[in-house]
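The structure that follows is given in the form of structure tokens.
Going by the order they are written in, the chains are A, B, C and D; count residues from 1 in each one.
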Amino acid sequence: MIKVIFFAALREELGCGGTEISATNVNTVAEVKLALGQQNNDWQHYLTNNSLLCAVNHQMVNRDFSVKAGDEVAFFPPVTGG
Amino acid sequence: MIKVIFFAALREELGCGGTEISATNVNTVAEVKLALGQQNNDWQHYLTNNSLLCAVNHQMVNRDFSVKAGDEVAFFPPVTGG
Amino acid sequence: MNMTSLINNYPEISIQTEDFDHGVEVNLLEKHNVEDGAVVTFSGRVRNNNLGLKVRGLFLEHYPDMTEKLLAEIIETAKQRWNIGRVKVIHRIGQLAIGEQIVFVGVTSKHRQDAFAANEFIMDFLKVKAPFWKKELTELGESWLEAKTSDKEKAQAWSK
Amino acid sequence: MNMTSLINNYPEISIQTEDFDHGVEVNLLEKHNVEDGAVVTFSGRVRNNNLGLKVRGLFLEHYPDMTEKLLAEIIETAKQRWNIGRVKVIHRIGQLAIGEQIVFVGVTSKHRQDAFAANEFIMDFLKVKAPFWKKELTELGESWLEAKTSDKEKAQAWSK
């Protein structure tokens, strides 16, 4: 399985802080998004937002980054701390 | 009279924190130095040091600045605070 | 390597809900640290307005563990770029009222220019890299803050 | 004009023999000041060495009245150049031991960049304009410090 978590505005939009998806046939960040959208149609709109950022195992990555079972994949809006 | 004061290394070199000179025939900062040197030959060497700074009534000035009776003229080395 | 960074029990990064004491933090940065003559601090508070709207408070969310990792990377980059001694970064999370402290960055150095530059560098990258998100409670309701282009530009300016 | 600068009983400049409390000064800068989210402080201490020589202490002399005048001019210039709120400058005089605080500059602003720049500007000009002189007590005896070319260059860099 792949652990998926959401933060801030995205967490509120999806009404969900995190979930898990099967790692079968899911090889990249883009495919994680695809799988999440298939699992829940309402999410597709929010997950295709171009400003969304992604981190895999706490490292910022782009959509083509490889993922595998056991990874933690996080999606969130641009950061606004400080 | 013109009030003259010295600070830091210069004060120690002259062995004097301040003095007064007559304003008669003393019209510029350069002439203040001249009068001080005539009053005390030992001071001439220290007062001709090119790095010395001068303030008249708390304002930084150059050697041609006009002085008059009642002015406070200060001579000191480059500042080193902070 | 600066001797002062070898002192134990001095975590460089703290993500916390509770408030902090500015004076205590400066004293800790300077404790047993007679090599570094200069200390520069930045601290940020909740302002009473933003883009003309009255603000009543903030809620701060973060991504645990990743925040610490990112901040440690930013501090490490600053240490490679400038000759600095100790660094402390504190960032609060949770519900904050007007006037409350949000963030503290403290940097010591032998020469002031290094401490000024490194501190501003750390703040600029904290702003655009560290996974914190602010939700603002204004007179018009709650809303998540949008990232500012000006913050992105400030961070990019360091690579020029 | 920033409302906060109208508050009475808050002298911007203090030349003093006694020590000061960093935390108290920051609190005063922020007191009843919810407009300015950012505070940048600089503080300088007596280091234990200078140019490779062990330092035992410092003696600080100044030109009373002219110091205050010069510092006020520097602060005024900073206020014209950046959008800053409150400013506090403290400089100690007299005999100081290793590790003792010498100088404090605190600046508040709405946006951090202004506070960083104004604080460094004030320090850079304090260094080359304010009539203070340091005498160092080292292992080789007492000597008046020489002004540094690097300080002159830093101050000049602001007019570029």
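Just so it is clear, contacts are C-beta pairs under 8 Å (C-beta built on N, C-alpha and C of every residue); 3 or more make two chains touch, one makes a residue touch a chain.
Just so it is clear, the model here is predicted, and its values are computed rather than measured.
The chains in contact with chain B as well as with chain D do not exist; no chain meets both. In this assembly, the C-alpha centroid of chain A lies 49 Å from the C-alpha centroid of chain D.
The distance from the centre of chain C to the centre of chain D, with each centre set as the mean of the Cα atoms, comes to 22 Å. Centre-to-centre separation of chain A and chain B, using mean CA positions: 74 Å. For chain B, the set of residues touching two or more other chains is empty. Residue positions of chain D touching 2 or more other chains: 44, 123. By the document's touch criterion, interfaces exist between A-C, B-D, C-D. On chain D, the positions that touch chain B within their shared complex are 44, 60-63, 65-66, 69-70, 91, 102-103, 123, 126-135, 144-147. Of all the residues in chain B, the ones that touch chain D in their complex are 5, 7-9, 12, 55, 58, 60, 74, 76-82. For chain C in complex with chain D, the residues that touch the partner chain are 21-24, 26-27, 30, 34-49, 98-99, 110, 112-113, 115-116, 119-120, 123, 154.
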